[in-house]
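We call the chains A, B, C and D, going by the order they appear; numbering starts again at 1 in every chain.
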């Protein structure tokens, strides 16, 4: 009896251990929404974060676009100068010797430019602070200038040297003929000219499944690949999951996938050549982004004994009929049984 | 006979090899104190360190809080300027042309501000050094300014880019029902918005045990987990050690743990997403921080088809009765025997 | 019948899985050209890249030679100053107080030097901007100066700290006697004085082969090595592929290799000692660069109890007869059969 | 016959593969000198290096002591200013307006300080360049100043952030009683307060051995350890190679080791806690630095419930008799046979 109990216990333990380790708990299994966005970010909203956690300053300064970054730098420069100009006005413009006293406007903009000359430490000296308070403010401003600049140096370096796999993914994943069977495939290419080496790919397929009790439960399946690693990646690479009978995708139609909110997670890891840093890239194809019965057009050809690759052809596809083997109507149940 | 000796020898050798590799020697096994603090630091005092080893300058400048760091920067700026101002006074204020000679106070603060203008290399030039000695000191100060600033740039970058897993741990570890048995568990969440990938957890349980001779010896046990790795960590994660009969925790009461100064070491390793750096986090739950018969409240729910997580609920627990299986009163000795 | 089909299917799947993972698809197998250049770059031309992808700014600034880098910095400095000088001319030279008004030439070069003093933030102040527009341009220039300089700091650091294995390869790969058989070998040495540790080598041999149908197909073979890893690399290292019967090179003549456009890819990985970074190096010997029947001269000797190594002897070879075992004329077919 | 030949061939191949991978070739096996110095550097002299390879600028600037580094910075500052001062003298001191024209000496040092103000970009402007040539030289100097400073920033950061395991080694390695046998041991401690985690140790023992033909050949043996990895390293660690019969050290006397120029290489790898960088440390104990029959004094004790460690006791030893088991006089040959 005790032995039996232990058996049951260990069995449910093993079951728990088998649950896929993608990092989404069982709780969210019935959320009828996309879990991972196309850019690889997760569809999770966080509440009760601390102020700094929410601001997430460093990460944002590193990951925003270059346009936004420079806009921010210029805004910071402009606003800081404005604040200090107002401070000098408040202290009394007469403490800035050399300032043009023609009218209020020239006074203000000369205070502003004095501030700019202090913040950048260019300090021409045509205008220079006199007296304790103005000099104190000016010394604080120059220190602030130096620290800001130190920060900007670090940020620029961090932005440039950040390890990033800029991989271009084909717009659609395809269910296409592959050898004499069918495959689930998508195509990638390195956007950059630097080399990626030891590129490995992992695929996880997730779909809402009906339990015998009628409950919908999200299941996760790792998909084995024809090849999950290449040593070099100088050209395009079509990543293929062969849909054999054991595949969880075997026999699925476009409607099945749409109904089950199916998603195909892609996780790519590689080593970037220039700095020998490990990089990665995440993507997700939703069922809506999968195409049945199409093949990628070739994007490589030979020209004057030179291998030539056209990146604009990455998502080019053409229709092809799917092999009848893929969904053997009369043998569906049979193959199902064998797959168990 | 020689063979026998060799046997004994090799047996004690194997015993030595089995000792747990946590890095605390056998010597400290009877210290009735916490070995690792809640923040992951070790409870070890070091004597006879060298001056620089003790000062540990770089590590401290990197790991102190931002408040302390900026206080230090400002103090450095203030004190350095003070020292150089005194130096210029000593050399003779008349060698700083342009200085306000109204009285001793204006002389001093103008020397001070000249120093500040030199240290930051803003150099307005309203006040400028004349003569060999004043010019020499000023040139040394400007070099010092540049070097300090170079250092500050590096420190700021190092502070920002330092790989750190900011993991929030639940206040308490729980002994709670888990499937149809009992589990030792705690809950974690990523404090930051950046993603952690390939998160792995290791647990070591340590307790003072009574040897047959009545000596207290500290023992270390690695605790197997329901799951010790997740690929992504977008939500909370409850880490569970299932308390099966083989577990060293099996049958232990709160009193046993307190008496034995039990501790649960947690070591988490992961890869941070933005810079693809490996990070880690260390923690320790003391017996006093473990709760018997409680479960974590859920901190995730669905709202408008969006997964929502409230970080403030991380340590929220509610009481639950422990399953009778955990300490089978009449079968305690029996299971003990089987566990050997 | 269904079973048979599945058999065929799985067989062709296994075939596909066996294809070598060098990263060149089957498409380019008949390109009669060198695939990897001697410097390790790939012979692939990319079309339809985006502007930034093509420019590849950061990578280029990091990897160009120091001469080019400094030329670029100086050109940038010169051209930027020129542009701003013209801007000040446009605004009106009278807004730069202190400028020498002798003639147009002195006016221009003083505007130019004012620009230089602003860009480097040296700001003597002999010449200083007056009025709103000139001051605005000057403040923009000083901000630009700071940002450029921040960038230069990062670039200089990146260039210096870039992990790079500077490995010198012998000019030729040799087919030489090795022990009592024959080996395919080449010799390497660390160009730098820093230590490389845990050095591992991988060799891939590729050649165009005639299929029974007369089609030429490029095949890839990993070559096993006498030793593919050393813990330290303080001296030279001759890397040897022993040409046993199982080797794809067994029995090949210089003519065979030239006809098949044979190439020997070398991929070396190591850990650099000073910064503990992992580094790698790629190389390729074309059939034209292989020598039959030669041995490397020793480049190490003892002198006054000191191990001495002459780097200039790295590629020094002397002729030696090849062992008759290498191509056993009358036993060729026999060994071929055994190799299968 | 062919089969036999192949057998011989493959046998010698296997022999070659068994050679230890420490990275010293067979050529240097009879050099009667220390191969690795106590600081972990190799005893190899390199000839015919290129100028830059010999200079090895970056590595040296990173690894020289802080005293030398700052001396170099100050020398650079002094000498560069001197050169530019001479240049301004050459151009004509009258082109530096504001210079003190009292005598040749004041002229020179004002030129010198003008140079310093330009190089550091402090640019007071009391002295300012006039005319094309002087202005050109000054603008070049300020650019040089910026670039030098950018470099200094990078170097300071690199020096600080360089991953380094500062491990203190006991002065001597000991042959001491260990459990009921004998062990070859040494003791290490972390010099710094930062934590090292996942510390692994590798030992290689090398000695000149007499071949049956009377030739001396250097042999390398990896020594298995009682424990070769600890997860944390908060205290001292005594690394022990148990000298069982299978050990190459078994039965060796101090005289044997001295005659054979025995060396014990130590390679330690770890992960540094603050930056999560992997670090390593190399050491070598020469036979002269090994002590027979001694034990380390404890360097850890408890005080007020606190674990206390005295770093100055690291190398403290006391004499102990060696167990008779170590060299069983009458059973030496017997154990030798068994060890084969």
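Convention: a residue touches a chain if its C-beta (ideal position, glycine included) is under 8 Å from a C-beta of that chain, and two chains touch if they have at least 3 such contacts.
Remember, predicted model here, so these are calculated numbers, not experimental data.
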Same or different: do the copies chain A and chain B touch each other through matching residue numbers, with over half of them shared? different
Hey, which one of A-D, B-C or C-D is the same interface as A-C, over half the contact pairs lining up? C-D
Of all the other chains, whose mean CA position lies farthest from chain D? A
What angle, rounded to the nearest 5°, describes the rotation that places the Cα atoms of chain B on chain D? 90
Chain centres from averaged Cα atoms put chain A and chain B apart, in whole Å, by 28
Could you please state the distance in Å, as a whole number, between where the Cα atoms of chain A are centred and where those of chain D are centred? 40
Residue list for chain D, restricted to those that touch at least two other chains: 117, 121-125, 149, 153, 157
Can you list the residues on chain D that touch chain C in the complex? 2, 5-6, 8-10, 12-13, 16-17, 19, 21-25, 27-28, 31-33, 35, 42-50, 53-54, 56, 58-59, 62-63, 97, 117-118, 121-125, 128-130, 132, 135-136, 138-139, 142-143, 145-147, 149-151, 153-155, 157-158, 162-163, 202, 204, 267, 277-280
Interface residues, chain B side, partner chain A - complex: 73-74, 77, 81, 100, 109-110, 113, 116-117, 120-126, 149, 152-153, 156-157, 160-161, 179-181, 191-195, 197, 199, 226-227, 229-237, 242, 244-245, 274-276, 298, 300, 302-303, 305-313, 325, 328, 331
Can you tell me which positions in chain A touch chain D when the two form their complex? 121, 123-125, 153
